[in-house]
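Take a look at these structures.
The following pair of complexes shares a single chain, chain A, combined with chain B in the former and chain C in the latter.
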Partner chain A sequence: MELLDFARGPALQFAMAVFAAGAVWRLLGILLLPRTGDRSAARIGAPSRLVGALYVIVRRLWPRRPFLQVTLFATINSYVFHIGLAIVVFGLAPHVLFLRSLWGISWPALPSNVVYGVAILTLASLLAALARRVSHPVLRLLSGPGDYLSWLVTTLPVATGLMATSHLGARYETLLAIHVLSVCALLIWFPFGKLMHSFLFAFSRGAMGARFSHRGVSI
Partner chain B sequence: MRGSGSSSSSSSTRSPPSAHPNPTGAVPISSLVGDKPLINISGCPPMPQAMAGTITHLLAFGRVPELDELRRPRAFFGETIHDRCYRRPYYERGMFAKSFDDEGARDGWCLYELGCKGPVTYNSCATLKWNGGVSFPIQSGHGCIGCSEPRFWDRGGLYRPLSAGTARVGTIVAGAAAVGALIGVGASLLSRKRQSTAAKPE
Partner chain C sequence: MTGAVAAFDHQGEVTNEQRVQSALRAFVREFGVTSALHMESCVHCGMYAEACHFYVVTGDAKYTPAHKLEPFRRAYQREVGPFAAVARTLGLVAPVTISELQQWQELVYDSCTMCGRCTLVCPMGIDIAELIKEARHGLFKAGLIPERLALMDRTADKWGSPATPAEDLPDILHDVAQQYGVTIPCNLDRADILMTVAPAELGDHPKSIAATAKILNRIGANWTMHQSGFDASNVGFNDGDARLQEKLTRAIIDTALRIGATIVLLPECGHAYGAARWEAAKWYDKPLPLRILHVTEFLAELLSSGRIRVRPIGDTATYHDPCQIVRRGGLEQAARQVLAALGLQLIELKDHGVNGFCCGGGGGVVSIARATPLRHKVFELKRRQVEDTGAKRFLTSCGQCRITLDMGAKHAHWEQKVESLLELVADNLAD
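Now for the complex of A and B:
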């Protein structure tokens, strides 16, 4: 079996199974945890828990003013690579075809050259994120192997995808196989590391918003 | 030297000239003749220019031409169909034919979505063309089926886009999600049990 056949077949199948099992396990494991109810009366004028939750989910999309200057780079850089990743994953025609083979739905693809440009910007942004992580004294202390692994499995598909499209370093089919295998690595690690924030960010923000708004805390 | 539907490499089991389930037990020549120089001119059929050009090279220079890892002459198998395809600019622009007879297909849009294997197929169809340079499959409106590559029949379907996975994942992913749900529910029940035990007075 050629490397590409292995990547497109058994490897992808295994990675998606791990991703599905892991993501559902972690989501249900967290969402079904017993909650300690807050029996205190709501502060006067406090919004309902739902409104408080939704408010914080949206409000935390940008930093509060006192933290704006300190977090400006991280905020902008994060937006750059998150939006960049979304454009690359959902905009490139071969990706649309891959997703169509999974979900049965498709949408118009973006011009390939536009996506390549976005991918280069995304890669630069991810490298900048790593540079900040290793150079910032506090962030470096807070970072563990899992954080670096999350960065690696996010960056590899972008880098290998660019290499494949530009035929850089090896034959196209080899690079394509490596690209698919890097996506497999991403899928396998996804549920067990901080990449799971893609699903959990709304729940964690919502829980905090519901609890704090009930107590009249402005966040 | 041989021409066949798919080429063989030095590893005879890696690229047999056969399709699943291979009822005749076909094997590549390399597994039968191990002590002779071997040149593969792959294709279904092989390009006559590649066959004639290789024989000419042998006669003119008295040695085997430069070969790739599948023992194919690099002069004819050095680049992919995609590299030299006249529809390539449409690939770069993200303009893809949706069916074999739509307007895009007729206007020369890329056939990638229709399963063209040009990006992973090494041959010179796009430059030398067939029938005295008249045309080649992609120019005639059909995607490349990758006939000069090993096991091309069994690599996920002739009309399946190259970027789509070849394995059926629906049932497996659903089963995996069910297993994940069981573990997740089990973990939360265990946690509840622990909490209620801890809350009980001594």
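Now for the complex of A and C:
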């Protein structure tokens, strides 16, 4: 079996199975914990918990005014690589074809040059995030192996994808196989580390929004 | 008892292994969905450091809010998290050590006021203050809390208050009544309102007791204070003693229910509000058939309904928002309604309302002597913001905030007086 066949076949199937089972297990493991119900009386006139939850889920897309300046780099850089990743994953023609084979739906792909440019920008943004993580005293103190592994498995697919597109360093099939294997690594690590925030952010924000809307706090 | 290393105290004579086990058990005991979500969602972005007054005034990375939870995050991953069994079996997450728990005492107690400002900036919306409270449950059970808080805990357990034995309450109230010329009912069998106090009022601020009495008498309320439940500050809420928190809460709520009160009136105290308004019902596992009101919202209601009127003062003023009643309590507007009624021209601090900085002494930090230098640095932050307003008067609605700010002012030889909103209303009641 060629490396590319292995990557596209059993490796990818295994990775997707780990991703799906791990993500479901982790979500259920959290959401099925006992609920410590708040029996206090809500503040009169306070929005419902649901409204409070939805408000915070949306409101936390950008920082509150007092923190705009001090979080400017992290906010902008995070937006750059999150949006960049979304454009690359869902905009590149071969990705659209792959996702159609998976989900049965498709959409128009973006011009490959545009996606290529976005991928370079995304890679630069991820490198900037790493530079900040290793140089900022707070981030350095907080960061453990899981943080760096999450960065690595996010960055590798972007870097290998660019290499494959550019035919840099090896023959295309080999580069493509490495790219697919890097995606496998991402999928396998995803449920176990902080990449799960892709799902958890809404629950986490929502739980906080529900708690504080009950109290009449606009947070 | 002070341990070999000055940075931590310990209570009781048990083995280190027992301390670690007690801490872990207590920490994970009531881990619900929200706490788990907040433990799981952190991406280590570090933004929350910029919200913490202790980090802002020192620039020391160890005061980053998420770092204060580090051993407890690992405890969660090994004991509660969805992959706990794997993490334990394969040794993927290092076990928590006694040395770490000892070191973290300073971070969980001395340098966290549970003010919740970090939650404002966290993109995941993590309620770190609540997680710190759970971490305190662990350290309390391990016998690893600052000795001053442990002393207050033992005293409150015995007396119902860290300030005075319950049997002394009638004498104290008699003296306050005499000094300020007010009537203060005590131990009535039936009353509509049960008035409570905080240790600050039994010590430094007796005028606040008289102020509340004056207002309650003015509206003709049927009210009382009661020996069986009088101190609402709730040391257990702050120091991590869940058993004491329940006992002190039940003392007040049971008393109120027994005398037929429909309102429990809380003093100018932030943590009293957190413990009673939002957490009392959990000990009964049902909604309570009475209202629990902070005196600031009570004043706002009396003023808006016209039951009391005040003489306008006409000065400029600025206001320190106590974290537990504003950012974590929802009373931002109540205080401003009272200020407006007093005719004060409010000049807001640069960071005010929900965004306001803590006084630096909440969560029991005011009582931890070794945290004094850190508190004084935080005070300078508040002082600068107050001076920048140019306001003539500086007001707040929390006795502990006042004490913290007064201590900072004394240290800095700052002349600005920190005034009680409640006392200002009582002093300016119109006929």
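Definition applied: the second predicted complex is superposed on the first by the 219 of 219 C-alpha atoms of A that agree within 3 Å, B and C clash if a C-alpha of one lies under 4 Å from a C-alpha of the other, contacts with A are read in each partner's own complex, and residues count from 1 in each chain.
As a working rule, contacts are C-beta pairs under 8 Å (C-beta built on N, C-alpha and C of every residue); 3 or more make two chains touch, one makes a residue touch a chain.
Not measured: the values here are computed from a predicted model.
In this overlay on chain A, chain B fits alongside chain C without clashing. Taking chain A as the reference, the larger set of touched residues comes from C, when chain B and chain C are compared. When the two complexes are overlaid on their common chain A, residue A:N113 makes contact with chain B while staying clear of chain C.
In the superposed model, A:I44 lies in contact with neither chain B nor chain C. In the superposition on chain A, A:P34 contacts both chain B and chain C. Applying the stated contact rule after C-alpha superposition, one finds that A:I105 touches neither chain B nor chain C. Of the two partner chains, both chain B and chain C are touched by A:R26.
Contacts of A:M208 after superposition: chain C is touched, whereas chain B is not reached.
Contact with chain B, but none with chain C, is seen for A:D5 once the two complexes are overlaid on the shared chain.
Of the two partner chains, chain B is the only one touched by A:A93; chain C is not.
Across the superposed structures, the minimum distance from chain B to chain C, using CA atoms, reads 6 Å.
Applying the stated touch rule to the two superposed structures, the overlap between the chain B and chain C interfaces on chain A comprises residues 25-26, 28-29, 31, 33-34. Of all residues in chain B, those touching chain A in their complex are 14, 80, 82, 91-94, 96, 112-113, 119-120, 150-151, 155-156, 160-167, 169, 172-177, 179-181, 183-185, 187-189, 191-192, 195. Of all the residues in chain A, the ones that touch chain B in their complex are 2, 4-5, 8-10, 12-13, 16-18, 20-29, 31-34, 92-95, 97-98, 100-102, 109-115, 172-173, 176.
Looking at the complex, you find that chain A touches chain C at residues 25-26, 28-31, 33-41, 43, 46, 56, 60, 63-67, 70-71, 74, 78, 136-144, 147, 192, 194, 196-197, 200-201, 203-209, 211-212, 215-219. Contacts from chain C toward chain A in the complex involve residues 30-34, 36-38, 40-47, 49-51, 55, 61-62, 64, 66-67, 80-83, 119-127, 277-282, 284-288, 291, 326-332, 351, 354-355.
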